[in-house]
Amino acid sequence: MADTWSIGTHLFTSRLLVGTGKFPSFEVMQRAHLASGAEIVTVAVRRLDLTASGAASLLQWIPKHMTLLPNTAACFTADEAIRTARLGRELGMGDLVKLEVIGDRRTLFPDVVGLVDAARVLVKEGFIVLPYTNDDPVTAQRLEDAGCAAVMPLGAPIGSGLGIRNPYNLRIIMEAAKVPVLVDAGVGTASDAAIAMELGAVAVLMNTAIAEARQPVLMAEAMRDGVAAGRKAFLAGRIPMKLHAAASSPMSGLIAT
Amino acid sequence: MPMRVTLNGEQRELPDGLTVAALLAHLGVKAPRVAVEVNESVVTRDRHELHRIGPGDSIEIVAFVGGG
Amino acid sequence: MADTWSIGTHLFTSRLLVGTGKFPSFEVMQRAHLASGAEIVTVAVRRLDLTASGAASLLQWIPKHMTLLPNTAACFTADEAIRTARLGRELGMGDLVKLEVIGDRRTLFPDVVGLVDAARVLVKEGFIVLPYTNDDPVTAQRLEDAGCAAVMPLGAPIGSGLGIRNPYNLRIIMEAAKVPVLVDAGVGTASDAAIAMELGAVAVLMNTAIAEARQPVLMAEAMRDGVAAGRKAFLAGRIPMKLHAAASSPMSGLIAT
Amino acid sequence: MADTWSIGTHLFTSRLLVGTGKFPSFEVMQRAHLASGAEIVTVAVRRLDLTASGAASLLQWIPKHMTLLPNTAACFTADEAIRTARLGRELGMGDLVKLEVIGDRRTLFPDVVGLVDAARVLVKEGFIVLPYTNDDPVTAQRLEDAGCAAVMPLGAPIGSGLGIRNPYNLRIIMEAAKVPVLVDAGVGTASDAAIAMELGAVAVLMNTAIAEARQPVLMAEAMRDGVAAGRKAFLAGRIPMKLHAAASSPMSGLIAT
Amino acid sequence: MADTWSIGTHLFTSRLLVGTGKFPSFEVMQRAHLASGAEIVTVAVRRLDLTASGAASLLQWIPKHMTLLPNTAACFTADEAIRTARLGRELGMGDLVKLEVIGDRRTLFPDVVGLVDAARVLVKEGFIVLPYTNDDPVTAQRLEDAGCAAVMPLGAPIGSGLGIRNPYNLRIIMEAAKVPVLVDAGVGTASDAAIAMELGAVAVLMNTAIAEARQPVLMAEAMRDGVAAGRKAFLAGRIPMKLHAAASSPMSGLIAT
Amino acid sequence: MPMRVTLNGEQRELPDGLTVAALLAHLGVKAPRVAVEVNESVVTRDRHELHRIGPGDSIEIVAFVGGG
Amino acid sequence: MPMRVTLNGEQRELPDGLTVAALLAHLGVKAPRVAVEVNESVVTRDRHELHRIGPGDSIEIVAFVGGG
Amino acid sequence: MPMRVTLNGEQRELPDGLTVAALLAHLGVKAPRVAVEVNESVVTRDRHELHRIGPGDSIEIVAFVGGG
């Protein structure tokens, strides 16, 4: 069974998306990316440092088979996000964009009003928009209505490692969505990724949990396995929960006492 | 005679009438993959030779960096 | 890095132990066992059905490379458990025993008094005793003192699928134990297995979660991946939790607004 | 210590707000209201049934000392909500309004875009606006910026009884807010109300948890006590959590053994 | 409705039991005891300090209407506990004893083997035995069989403030027990006490959560209210939980749009 | 001669030139506390005697009901 | 002349003086892996030929079955 | 001539033949509520006057202290 998923015309087999920020070195990042099995990698758009002559380019460290997903991180208005998305497209020669419109510096939670506005504009311009959003089912619906190719609710604040704080909202979003739902942000460890997938997520996106783990490469492998485990468990159909026990060995045929 | 522009947020003097391509050469930007925005509009690669910088222009030259 | 563990002289690479109860068929069980990657498999000891002529033997369905772990399931006294363990050894030609002394029919929680008594006797007889116990740190210590080769606290009642109900107690047990700690019983889905391993368990034992999943073979694979994910995450060292966010993309070098 | 709180010029001592929907009878409702100790009671605005001659009026069952808080429940646009708020003011002769702009029939989660728009208009018209919102800190900030007198994030979906699904977000909202934060919706039992107050909520608003309890009057009393308990615990300053134990009796001076 | 409960011939109306350890002063302790409304107070038995001439006696600070409950805290064997219980009876002129047999210094979890042995002896000697135990349903049953007048499972380690770590086990114990079940140890704040009572506990015993709160007297009041809230909610019958919403205001009779 | 209006969402015939006060009397609405909206604007109590209903008006008469 | 024994919890008549090995043959138990207990003590394989069943003995013949 | 005893875990010399009551007086223990154990058995109040301490006895005098 080839268990694939797609965004627009892009077809993917890996359900783990990784970032490129905060790694101890490009070498470690590259090994972590390969260990993760990810096919999509996020990058940020920033002013070129004109003082640094021929600075090491991030891109040469990203395996060629990986699809670049430029983000609009740290944009606080729809307008900044739109301009950044356009520059990202010019840089990346692709139409994919991870759309972020941040509403608060401390939590990095999205400004959903600006987010929906920016999504409408970028969809019109032919972008394949993957919005980073909160876990509000209504906003998720608005983003879908705006033509987003997927919705990416957070599990918890970016970089917090708190995991899936509100599985109820995520489940409600997944029940209603007609586009792929990816969990973006909040994952701290492998079981968090598995839980996101067991809830029915199509994929999971993370950066800090891998980049800042004590051993990023091994954690990347852990996340790869965790996403696979959660996906398979979701498909396999778990047993129901019971308050009491159900014997796994027969209660009959016992020797006499 | 030179012109003043804003380049990545800083005031700069540039020779008059530079194209975007010439600007990049002038700056010694070898990086194969930068994107250029003049006055809040992207100047696509195919127009780097054509688009001339004017006095007072606001220019952004960006590249990919690590992010999540 | 070969990440192995051992009980007595037995060395293992897989950290998932599986059961043989409640599968829809021997065929499905065998495929699930192979998918799980498990190297240890539990079996129960019961009276031979003398009316059934040449009944299909369970054993012919268990891959030869797997180590048999006879249990004393459904024994309600130390004495029954001891006799059953001896019969299991005679059947299995091995010294390993999963020791169960059940204290209550409804929850199948252990009778810890009988459990410790039976463990002392069987250790003296040369058994390698793996006791199924509750999550009480004091009982775990008593079992270690009695010479058990490992302790196997439950995550939740057998077959309940409630997962790890009390991670605090399990962590306390793992901090203090000088023998391997395996989590036995309670796992319902792959993330539960990952959580057990992230807490520091040496391995996880399960039966119902695989055997009664809608697709047992796929769930076996999910559990294999979940155990691997949790183990690697434990070794890799997860990021700390924060209430607020920490940006994964730089907050500087933004284009002008 | 008189532990009071205020909205605009209104001063309150009770921190429990109750509703008037879904009670088995007006008699039971009245007894529950008195048992709750609440000083604020929500009401809805609906078309008068012109066929019913002199139908029993809800208002005669509401104790005179209670402040009416008209809501805009079931409004799906800012415009409906604004008109309903104006009618509520005409009915209630007060400026308080519980502003609801619903975004989704199934979850009754707010449409935050319409909510902020409606809030701006009503604040300009001199209303004291108490918006029912989700647990998004950014939206809470926008509502405060719009001039709302308080923000009322939900603990869980209206009538769900799921309690406080995401204490992290509520805490973040309370840390940042300069206006009172009330928890509205989701409470199912008394401990949920206590938890909301322990997080730092100024008050808790509920309807279904009381009205549909098996014994509404007794549950109203339970909620009164739960809110008081949580408030006092918040002020009293709880002990920190520890993984291990700390003896409450001396470990010295023991008799000889 | 006088909602009373009893142990042996003692009848009580308060469902909060308090301790006498770790208070900043006897004055504060006394005020906290009065604020708590408790009718039962635990005390420890220790060697008299023969050097201190006429040291302030704990007892003169305990209101006369309160029933003393001597404990056997810090006893690590059945024998020490039995001797300490006898001395406590001689001191207190009552037959009540809070029986503790500790199995581990770090967690202060009970040694259930010694606990059951000591209980049997003391019951024979006419004591009314209230054993501090873990949350193991089988041990709870053994203690009931041994003739204990109640069972007192812990919510979490003594003094940890972790609350009710495993509500599942407590519920199972309460379902099966024919004697009163009190939750002893682990409570950190008022909502923890409410949760214990909502699970069906007959009463809650705590010391550290009150004595070491920043404001012990106010916390004692919070605990009094929390216990009352949880008890009433348990009796009132809470609403069921739902994933989705259920409107508390009518969805019909809306004004035209 | 009568006029057609929409009252609480339903077509109704009313005597011509009724004031809001007269309408409420006409309908036998005793309830002390109703609020009236005509064509999406509230008609406050103090104007019930003054405000005349016109043909085609859309009228809403509302009251408080139980809600949360 | 036959003897009464208890076999797996049931009363049975068996020919007198059977060894455990003979008993298994008599029962047609082919299963390579059964274990036998007589009067609550295991009779190990190496003693199946030697150990004789006596009147009133309580015999258990067990095998592995699925369990967790 | 004095005798050696163990009192609350410490070696002490006491006058010979003291009763428990006399011991408490000797120690100036006013506390109304102490309990006394001699050689691991409680000596109840009613026997304080009767029970004589002997050489080598191990005596515990305890009281209530704060605890949970």
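Going in written order, the chains are labelled A, B, C, D, E, F, G and H, and every chain counts its residues from 1.
We adopt the following convention: a contact is a pair of C-beta atoms (placed from the backbone, for glycine too) under 8 Å apart; a residue touches a chain by one contact, two chains touch by 3 or more.
Remember, it's a predicted structure, so these values are computed and weren't measured experimentally.
Common neighbours of subunit C and subunit H under the contact rule above are D, E. C-beta contact counts were set side by side for A-G and D-F; D-F has more.
Rounded to a whole number, the gap between the C-alpha centres of subunit E and subunit F is 63 angstrom. A separation of 33 Å divides the Cα centre of subunit E from that of subunit H. Measuring from the averaged C-alpha position of subunit F to that of subunit H gives a distance of 94 Å. In subunit C, the residues that reach two or more other chains under the touch definition are 19, 21-22, 44-47, 71, 73, 83, 87, 106-107, 109, 158-159, 162, 168, 172, 207-208, 211, 243-244, 247-250, 253, 255.
Contacts with at least two other chains are made by residues 9, 37, 60, 62, 65-68 of subunit F.
Contacting chain pairs in the structure are A-B, A-C, A-D, A-E, A-G, B-C, C-D, C-E, C-G, D-E, D-F, D-H, E-F, E-H. On the subunit H side of its complex with subunit D, the touching residues are 6, 9, 37, 58, 60, 62, 65-68. If you check the complex, the residues on subunit C that touch subunit D are 168, 171-172, 243-244. Residues 7-9, 27-37, 40, 42, 44-45, 60-68 of subunit B are the ones touching subunit A in the complex. Listing the residues of subunit E that touch subunit C in their complex gives 103-104, 106-107, 109-113, 116, 134, 136-139, 141-142, 156, 162, 165-166, 168-169, 172, 176.
For subunit E in complex with subunit H, the residues that touch the partner chain are 19-23, 29, 42-48, 50, 53-55, 57-59, 68, 70-71, 73, 83, 86-88, 90-92, 158-159, 185, 205-208, 211.
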